Amino acid sequence: MSGQRIGVLVAVCAALGAAIILPAARLATQAAPQGPAPLANDPKLIEDLVYANRILYQQEVLDGFGHVSVRSDKDPSHFLMSRSMAPALVTSNDIMEYDRDGEPVDARGRNSYVERYIHAAIYRVRPDVKAIVHSHSPDIIPYSVTGTILLPVYHVTAFLRLGAPIFDSHDAFGDTDMLIRDNKLGDGLAKVLGNSGVALIRGHGFVAVADSTPIVVYRAIYTQLNARVQTEGMKLDKIKYLTPGEAEKAQAIVEATVGRPWELWKSQVGKIQ
Amino acid sequence: MSGQRIGVLVAVCAALGAAIILPAARLATQAAPQGPAPLANDPKLIEDLVYANRILYQQEVLDGFGHVSVRSDKDPSHFLMSRSMAPALVTSNDIMEYDRDGEPVDARGRNSYVERYIHAAIYRVRPDVKAIVHSHSPDIIPYSVTGTILLPVYHVTAFLRLGAPIFDSHDAFGDTDMLIRDNKLGDGLAKVLGNSGVALIRGHGFVAVADSTPIVVYRAIYTQLNARVQTEGMKLDKIKYLTPGEAEKAQAIVEATVGRPWELWKSQVGKIQ
Amino acid sequence: MSGQRIGVLVAVCAALGAAIILPAARLATQAAPQGPAPLANDPKLIEDLVYANRILYQQEVLDGFGHVSVRSDKDPSHFLMSRSMAPALVTSNDIMEYDRDGEPVDARGRNSYVERYIHAAIYRVRPDVKAIVHSHSPDIIPYSVTGTILLPVYHVTAFLRLGAPIFDSHDAFGDTDMLIRDNKLGDGLAKVLGNSGVALIRGHGFVAVADSTPIVVYRAIYTQLNARVQTEGMKLDKIKYLTPGEAEKAQAIVEATVGRPWELWKSQVGKIQ
Amino acid sequence: MSGQRIGVLVAVCAALGAAIILPAARLATQAAPQGPAPLANDPKLIEDLVYANRILYQQEVLDGFGHVSVRSDKDPSHFLMSRSMAPALVTSNDIMEYDRDGEPVDARGRNSYVERYIHAAIYRVRPDVKAIVHSHSPDIIPYSVTGTILLPVYHVTAFLRLGAPIFDSHDAFGDTDMLIRDNKLGDGLAKVLGNSGVALIRGHGFVAVADSTPIVVYRAIYTQLNARVQTEGMKLDKIKYLTPGEAEKAQAIVEATVGRPWELWKSQVGKIQ
């Protein structure tokens, strides 16, 4: 065998090897994230927040709009939320920290959601709340614009308890652009929310709050389901809602098993790049 | 050709071969299931039960909650059901055996569904029943909370016969957490079910029963469809339901052909790992 | 280089080649269909019939049940339809020929749809009809069980013209199993259909007819859409339907462009194995 | 090693290399588009128009029918639109130029949409309008056939302002085939549209207009959403719509952020071949 022929043979096999190995190497280097220095918070808290964004988008509670936040585990007067972008695309690199007034701690030129004051205002007055979702769900709007109270129709929505209160910016603020764009509007919403788990915002959407990320995601998804079921029920006849006693007991038991749907929803989102 | 050059050549080709062959070998070894010793039941019975879980999830009858069971072919006072987990993810390794009171025969630390008493109670009083589905279907809840009777609107839901009875835990048990969490509640539900194929559970969901897995899956899926169709029909005008004579004849004929949709649903789930 | 080493090298490269080439060869041999001798009909007629099955399933007009047929181009008193199976899985090997009474010409042990008499009866009295669809569409059932006439709400459903008549087996036949299982029932349905493009079957579904496969598929899909739109409209207020003059003109123009949606639907089904 | 054996070895490795490299090369050459000479317009304008077609199809505003156009940046009396085909399949090679009367500038045997006069007529009288969508949305038809005015139910549909006017061809033109097939009908529609962002066409669909492609796509999608929400709200109770002041402020703010959903929708369509 001549050196020339061996050279050709080695070249062909090396090319084959390159065709298989190099793309795999390139993908491996692309996986390394770039962006601002990571936050000092518990990585699990941030990972769950990213999953919450993706799950709520996949479950059609959030679309191009809407957002979800968690209270900071390092400084309880602060909270974490993605920069202003579509929830479907959020990654851990997009998470930013906000102070008690809703202003970014270290913006680095990144835009914030205009309505971050929804989150800031609620964290200020609800020490029990650790996670918040704001959604423009089309299923909820009909209730918000007709003054119809969302009540727990079945055991999985027992957290609605005595009904979801409705905040109408027009009452105290007259004609606005309907966005909760400052702390005064945020305080107005937080006041109407009171101790509830859910409040509706007339002509806008709703907010759900809870003491953990899996539970707030669960509440947002099931608030939307309750609206669909309650609407269909009201077309048939008068609805027998959960009694206050039933709602209290059922909420405790159902939210103790939130791990099961949470793990299922995470597995449906899959691995996040 | 030097030994060195040949060594390089062999190494490159071996690497290529490894890159193709080794992952395939690894997948083959991963396919071997791990877990508790398999049950002594007919493997087809277990396989159909696993498919039932997956089909009902894909057909949106079950979500993160709900369950399906079959009566044991080895001991008719026992039944088989998955451990407590999302139906979408059930495999044959998750199937457990339960005794006539709904207690696990060999738990080995695995959690059971809180509501297994629905299944235990019905198997106790309905010797004809070989399979049971419990679902929280949002389409059914409106009927359960307004006392509206589900009646057969078209031939494929003839099994609804004279209507689906509604069990309300509040009647005999007052404020509960709405779950069928013991045999007393299970007996209450089984009593209301009587000889029917379907019963609704107020503010909770429904249960479907049948003498085979394909038929109980069919009934669960079509009970949900009947609810949607009946709701739309009642918005148009007074519905002419199937007469008792039509329902009896149509049920016999339609359930004799359940193999066709069953095979289609299985093919849509595909191979289960 | 020793013969031994060369042998190892050739073996490794051959194994690599086999790992790439043999699976491709296996797929190629699997593509060759097996089954009864093909029919003598125009292959395009059969191919369109198979596509009709797949399209109607994908567009959710047919599910595990329902069927579509075409009049034979070789013998106009005969028609072609799949053997009894789910439309989602029909291939050209499944197409069978039926005579004017709806009996299979060459069954070879293959089962036929029980309701083939729907097709046989209509082909007998409607020489203009070249294709028929029978569907259990849940959107249509509400109209069939409340005696509500489906009327053309918008231009794309102009073929509904003066409304879709409703056949009720109970009128002339009393309690049946609701299936069109013989020629007497088929004749009853064909009589009610008259010269219309669509007729409803109480508590069962509907039938659509046309002079070509693309148009009958179009009519089946849009009949279902018209039902949804008409239902929503009737909830708002009194509907202004197409006038007879508008319906006549619009039908002609819309059905002249059926090639566009037909090609889109075929492309969505993709290549059929 | 004999020349024969080396030849076999080189052949096997070369075949392996070819099996990997040649398909990649073929795909690369297939990517080069063929068709008429490209238009002289801004490639970004054309690319956005193609995306608009794909997005509106994916968001279920357009199906096999409907179309979207943009005013030409080279000659403002002309506009660009795809040749007559399903929007789902439109590529940049399908875009044609039309003059102020809606006639193609350089047809080259390509068919045009019959209803291009909708676009021509509106561009003639609305110098502010740079993009137009025409859709047959089933959600809108109920409003068009009952004379129900679509009003802004929530902030994201504030562009509906004081309500969407309804054009009925029957008023001035009697029985037609319902299509806007000439400039007289187009002028009639444009007159009813007036200065609005949206007008309904009785028994046909709707038209949305805006001063950019992202905004007209946004308005088309959200007009459809508003219809669904308004319908559900009207079933619950009397709706409190956005006040004129709220609508004016909200529209400005929401349409300033249209980039976010636009980028999300483009990413969902992905790369267009």
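Some observations on this one:
By letter and in written order, the chains are A, B, C and D; residue numbering begins at 1 in each of them.
Here is the rule we go by: contacts are C-beta pairs under 8 Å (C-beta built on N, C-alpha and C of every residue); 3 or more make two chains touch, one makes a residue touch a chain.
This one's a predicted model, so the numbers in the text were calculated from it and none came from an experiment.
Shared numbers divided by all numbers used gives the overlap of an interface; between chain B and chain C this overlap falls below half, so the copies present different residues.
Rotating chain A by 90 degrees superposes its CA atoms on those of chain D, with the angle stated to the nearest 5. Relative to the C-alpha centre of chain B, the farthest chain centre belongs to D. Separating the centre of chain A from that of chain B, both taken as means of CA atoms, is a distance of 30 Å. With each centre defined as the average position of its C-alpha atoms, the distance from chain A to chain C rounds to 43 Å. Shown for chain D are the residues in touch with two or more other chains, namely 1, 9, 13, 16, 235. Residues 1, 5, 8-9, 12-13, 15-16, 19-20, 63-65, 84-86, 88-89, 114, 136, 138-139, 141-148, 168, 170, 174-179, 202-205, 231, 234-235 of chain C are the ones that touch chain B when the two sit in their complex. For chain D in complex with chain A, the touching residues are 1, 6, 9-10, 13-14, 16-17, 20-21, 152-156, 158, 225, 228-229, 232-233, 235-243, 245-246, 249-250, 252-254, 257, 260-261, 263-265, 267.
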